[in-house]
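Order as written gives the chain letters A, B, C and D; numbering starts at 1 within each chain.
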Amino acid sequence: MSKIGVFVCHCGENISATVDCAKVAETAGTYDGVAFSVDYKYMCSDPGQNIIKNAIKEKGLTGVVVASCSPRMHEPTFRKACAEAGLNPFMCEMANLREHCSWVHEKNEATTEKAIDLVRILVEKVKYNHSLNEIKVPVTKTALVIGGGIAGIQASLDIANTGHKVILIERDPSIGGHMSQLSETFPTLDCSQCILTPRMVEVAQHPNITLYTYAELESLEGFIGNFKAKIRRKSKSIDEKLCTGCGQCTTKCPVKKIPSEFNEGLGKRTAIYVPFPQAVPNKPVIDRGNCTYYIKGKCKVCEIVCPTGAIRFDQEDQIMEVEVGAIVVATGFTVKQPDFFPEYGYGKYADVITGLQFERLASASGPTLGEIRRPSDGKIPEKIVFLACAGSRDPAKGIPYCSKICCMYIAKHAMLYQHKVHGGKSYVFYMDIRAGGKQYEEFVRRAIEDDGVNYIRGRVSKIYEKNGKLIVSGADTLLNAMPVEIEADMVVLATAGVANEGAEELAQKMHISYDPYKFFAEAHPKLKPVETNTAGIFLAGACQAPRDIPESVAMASGAAVKVAGLFSQDELTREPIIAVVNRQAPPVYSSCVGCFLCVSACPYQAIEKEEIKNRNGEVIKLVAKVNPGLCQGCGTCVAFCRTKSIDIQGYTHEQMYTEVMALLNEY
Amino acid sequence: MNIDKRLVRKDSLEKLFDILKRNSKTIYAPFTKNGKSTFRDTESFGAISTGYIQTTESAKDIAFPRTEKLLDFSKSKEGMSVKGTDLNDIPDVILWGVRPCDASGIGELSSIFNWDYKDEIYINRLSKVTVFGFSCSKSDEYCFCTSVGGNPGNTAGSDILFTLLGEEGDYLAEIITEKGLAVVDLAQNLFEKTDISGKEKFLAELPVKFSHEDIRLKLDKFFESKEWIEQSLRCLGCGACAYVCPTCACFDIQDEAHGKKGSRVRCWDSCGFSHFTVHTSGYNPRNVQSARWRQRIMHKFSYMPERLSVYGCTGCGRCSRACPVDMNILEHLISIQEVTV
Amino acid sequence: MAEFEPKIVAFVCNWCTYAGADLTGTSRIKYASNVRIIRFPCTGRIDYMLLLKAFDEGADGIIVSGCHPNDCHYTSGNFHARRRWIMFRSLCDFTGIDTERIKFSWVSAAEGAKWAEIVNTTVASIRELGPYTDYKKVAKYPEKEVIHG
Amino acid sequence: MVDLIKRAKELLESSAVKVVIGYEQGTGNKTRALFVEKTEDADKLIFDSRCIQNLAAYVTKKEVKEKGKMAIAATLPVMRSIIQLASEFQVNDNNLLVLGITPESNLIEFANLVEVETFVHQYQIEIDARNKEMLDKLAKMTSAERWKFWVDELAPCFKCYACRAACPMCYCSRCTVDFNQPQWIPVPSTELGNLEWHIMRAMHLTGRCIDCDACYNACPLSIPINLLTKRMLVDAKEHFGNYQPSLKGDNLMSTYKPDDKENFIQ
């Protein structure tokens, strides 16, 4: 027989102003199984909690209903109080008399009646509560970081520096990401490579970091603390142990006209190549799609010139499996290519380029060694136009959001141009200048005021060529939409930052959610910006939304702290509000019939197949089993199961059924 | 009492119906819906189905309803109070149009409800029922009453048995019981005196197809036979046979609580269901359909004769007609008789 | 005769609508007191059989509410629920269960005012429809002893 | 069906299968299931237009399954059921061989269930004219009329569960009605309980029912319960597009699309 205690809180006058708390307590006292019932001014106060604790001890309560505020407010408080008095915390339920009753209704009998009903529902429910114990899950203290851009680098270093192992995978031949392509960085104009390269080297040399470049995530199984990741190490066609990175092969490779990805197509590379001089690791890979040997079956020049015999034409992709406890996803972003903008004539006009291409032109290590020369004829442009919001903030283009970084880098580009091309004229077409950030606004003002960049508020409708000039035709909205035409030598489009191609598939592999633009979704936009909805998987950098460097780094460090926090424990404890598939005595074993429709219904891939074997080890039944580490307790499977074989602790069939019964009947 | 024979004109049946209605009698008669007939509270003579060999459902509902509230209970400060069925509430009912096999089935059902425990509600319900039997002039391949001791003009169980004397003829009414006589008293002029005899020639011809005595003796040694498995492989384990059967008496009792009030309800159950014998532990002594099929036959042809001295089968053939997979009890009984142990 | 006070049961998810109703409270927005909330972890957990049970036991109306699409705390519980509701509602309609009496809504944790509005409009419309007598007539055993037929 | 008999004998003789499930002449004008384990019994196999029982109900039956590998004479509805069962892991190529009977009554043997699926997908599931008419008639009724229709139709149901037993998809060893903590569906036959049972059954069959009418054919009281599942089939098609049982197992009700359309959620 249950011995339930009911504790009705006045919450000062918050509840008692409209609810007759004494009557609620008195009525609750008449229900079967209620051994103790009382009302009190502040249940959450120390004396209030003591009333509960004493009643548990003195009356030997088997269940507690606290009728006060929302359980979202004080459930942990009262559960803890119960636990301190020796009652399993999950034997405590709360009736929400404040937010759901006293605050929203007038003082009258109906309001008190409702309060009584709310208490009765929980009294009847708690009779079906079971003592539950927190779930312990072991933790593998190795992190997987996916993506070797600045976010991935920072996260890896931060985690590694807490003493934990990190596996960093990067799909390109070198780490560094977009930051390595940048010339200078706003708002300080320090050289991007100069601040990044030491970090890259640190990654390569860190004893706790294992770096795999040219590698991608193949599949992911498991759950927080216990992931199993399969990593595809794409064949580099060289033996990295033997290769010294001498560069003979890249010098001698006869295929020299491949557009360099690192230089955004503005420079060329060979088929066996190191993407850029500071690459980490500084060892080449063979681009099989362009290598003569792989296309025509002969060449092997690199093999001939290699002094250490490191070339391996027959090398195959390797799949390796690693066990990790946490994952940081730092796969970054990409920018829309201008072929997205037919009105700006990309493809037709070589001198309409992206911001990222401009970075390469402005970079001392770039194809023009830092001189601003236009791609078509190598001339120094005398007039240059920068277009902000190329695609961004344009619902018609399907990109309603702001790409965030463009305002700042345009200011930087214009400034760099003015510094490098004396007497040159630069124009910026913008919608708004968004320069929120430390020293950001000052930076933009410097571009306008000190460096004489012409800012024109308005949009450009089209770009066309006339007499060897690019005519940029737009309107100045500050001058009553007066038409503006600029004869430019070169145009730079600040194209929208978008999710990487394949972001969706990657998210699906990891079972994390993503937004309509395929950026990965954080668990909470404000309070959980680096968490995903999948426990143990964290986000850093621009894979979540366009981010600048300081933000990416901050996010990466945030994610690293989450990982370190996770790894500070040997076991994880989780709320036991999870689904369970019933098990019965033989010969039934479970009422589950193994249709496994729950498997597709589960948002967390938490349902597995379990073989039930007899004494001879023969499989006699295949039934569903919920992995307690993965289950988050949504209960979708519960409502789905035809045989009612799955139940969810804390919200069981009996509990929910009883709540409905209790609500609508007299007790 | 001696059976009194009267003549009821063909068109007098309707008059009889109306007189009974005027005397506030509740009349349960065959009613057809979706091509299937069952006994329903009937207000007009025209609504009564005719020409059936056998109704889809038996008439046992009248004394052993499929769902029957046994008592109401409620909790209060003073404790639990229980209110049983008021037996005075049970209405007087005339059961109209029952075939002789069904009428005799009432006796078999009663033997169960009067065995070790006298089921008061059942006994009271039955005491209020006057049975109008109608002899069979037709039969079909599923009928076998003659093989289990009945016949198409059997008077057992009826209070009045009507026999149609030829296609367009009148009815011979055999007044079998005091209850029957009480009905005649209400409509004296409709029950004309007659000296007609030899109703047999108007009855369906139904040769005996097996000996139920032989089956009983055979079953004593037949428990372990493989025949049960052979026969029941296509059985799907539904309860259709039991629910249409005039003598199947298995029931379940459920307490349905709604807060502090509730009811105890009795409802039909079937030994064909796989969960019928499941123990609380999960163990199921009849865990295959063959065991359940065996139980059905053994119960009717071995256990009932042994304990109650009656057979639990009237040969009405309903179960065979109702079975979705053609489990034909007659066919299976004959093969039991033929198979060597 | 006193005005008919509908009994309405609300089946809501913990993360959005329950929290939204909390916000209604903290915002002190007043609404009709006919609704009783039953808290579920997610709309995906809400078994349609419970909705039928609510009508069985005398509810005149039902509210089912959870997170907006894409907002589900569990990513997709509400998507599963939505599909289930589409089919269940259509089956109710087909069997003559009054679908006007089952209100489905999305109320986020930020939509305290919307919750109050949902409750008020539901109470008003059920008040107009009157008690669900059609259902109640078949829901309980008849008071007087009758045999099936 | 000579081909079937011949093939059944071959399969049994070569021990490729242990039992062939087909039809035989029953009593009266009925046909019924036959389980051929001995070659000499294969001669009893028949096939004609009366053979409408959905034999797929047997492939999940314990006693039948325990015999070993089964071959089944399968008409189109039976094949559809088998594909659905396979997608729910109840049968597979190791325990079942399908001897298909085409709508033209030709025997067609499949090497595996993938081939069965391909064959089945050539045909759309179509509601027959008589039932379509009935659905239309019901659609035109008011909600209150439909309520009365169903309460009246289902009141006679005495819960013998022949519908469940005959349905290949109702293979659960513990049906929700057998669940008593809590008692979701009242055990006794009551007007409301009957309605709840049939509503629940229709929900459980949504996206799984292949419209074979086995439930209706099995009902000893001929209650048109198949209208419920038919309506679900029509609605599912309307809301989520055409569907066919598929080995992929992307069951209609256990999956979703983020852009599923509805017009009733506020």
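The working rule: a residue touches a chain if its C-beta (ideal position, glycine included) is under 8 Å from a C-beta of that chain, and two chains touch if they have at least 3 such contacts.
Treat the numbers as computed from the prediction; the structure is a model and nothing was measured.
Interface comparison, A-B versus A-D: the pair with the greater number of contacting C-beta pairs is A-D.
Comparing mean CA positions across the assembly, the chain most remote from chain A is B.
Chain B has its Cα centroid 70 Å from the Cα centroid of chain A.
Spacing of chain A relative to chain D, judged by their CA centroids, is 45 angstrom. With centres defined as mean CA coordinates, chain C is found 35 Å away from chain A.
Multi-chain contact residues of chain D (touching two or more other chains): 173-174, 176, 184, 189-190, 253-255.
For chain C, the set of residues that touch two or more other chains comprises 48, 53, 57, 70, 76, 80, 84, 141, 148.
The set of chain A residues that touch two or more partner chains comprises 588, 601, 640, 653, 657, 661, 665.
Residues of chain B touching chain D in their complex: 33-36, 38, 56-57, 66-67, 140-142, 229, 233-234, 236-240, 242-244, 252, 254, 256, 265-268, 270, 273-275, 288-290, 320, 322, 324-326, 328, 330-331. In the complex of the two chains, the chain D residues touching chain B come out as 26-28, 30-35, 53, 57-58, 61-64, 153, 156, 158-162, 164-166, 173-174, 178, 183, 186-190, 217-224. Listed in rising order, the residues of chain D touching chain A in the complex are 88-90, 171-176, 179, 181-182, 184, 204, 249-251, 253-255.
Only residues 588, 591, 593-601, 622, 640, 642-645, 653-654, 657-658 of chain A touch chain D when the two sit together in their complex.
Residue ranges of chain A in contact with chain B, taken from their complex: 30, 32, 584-588, 661-662, 665-667.
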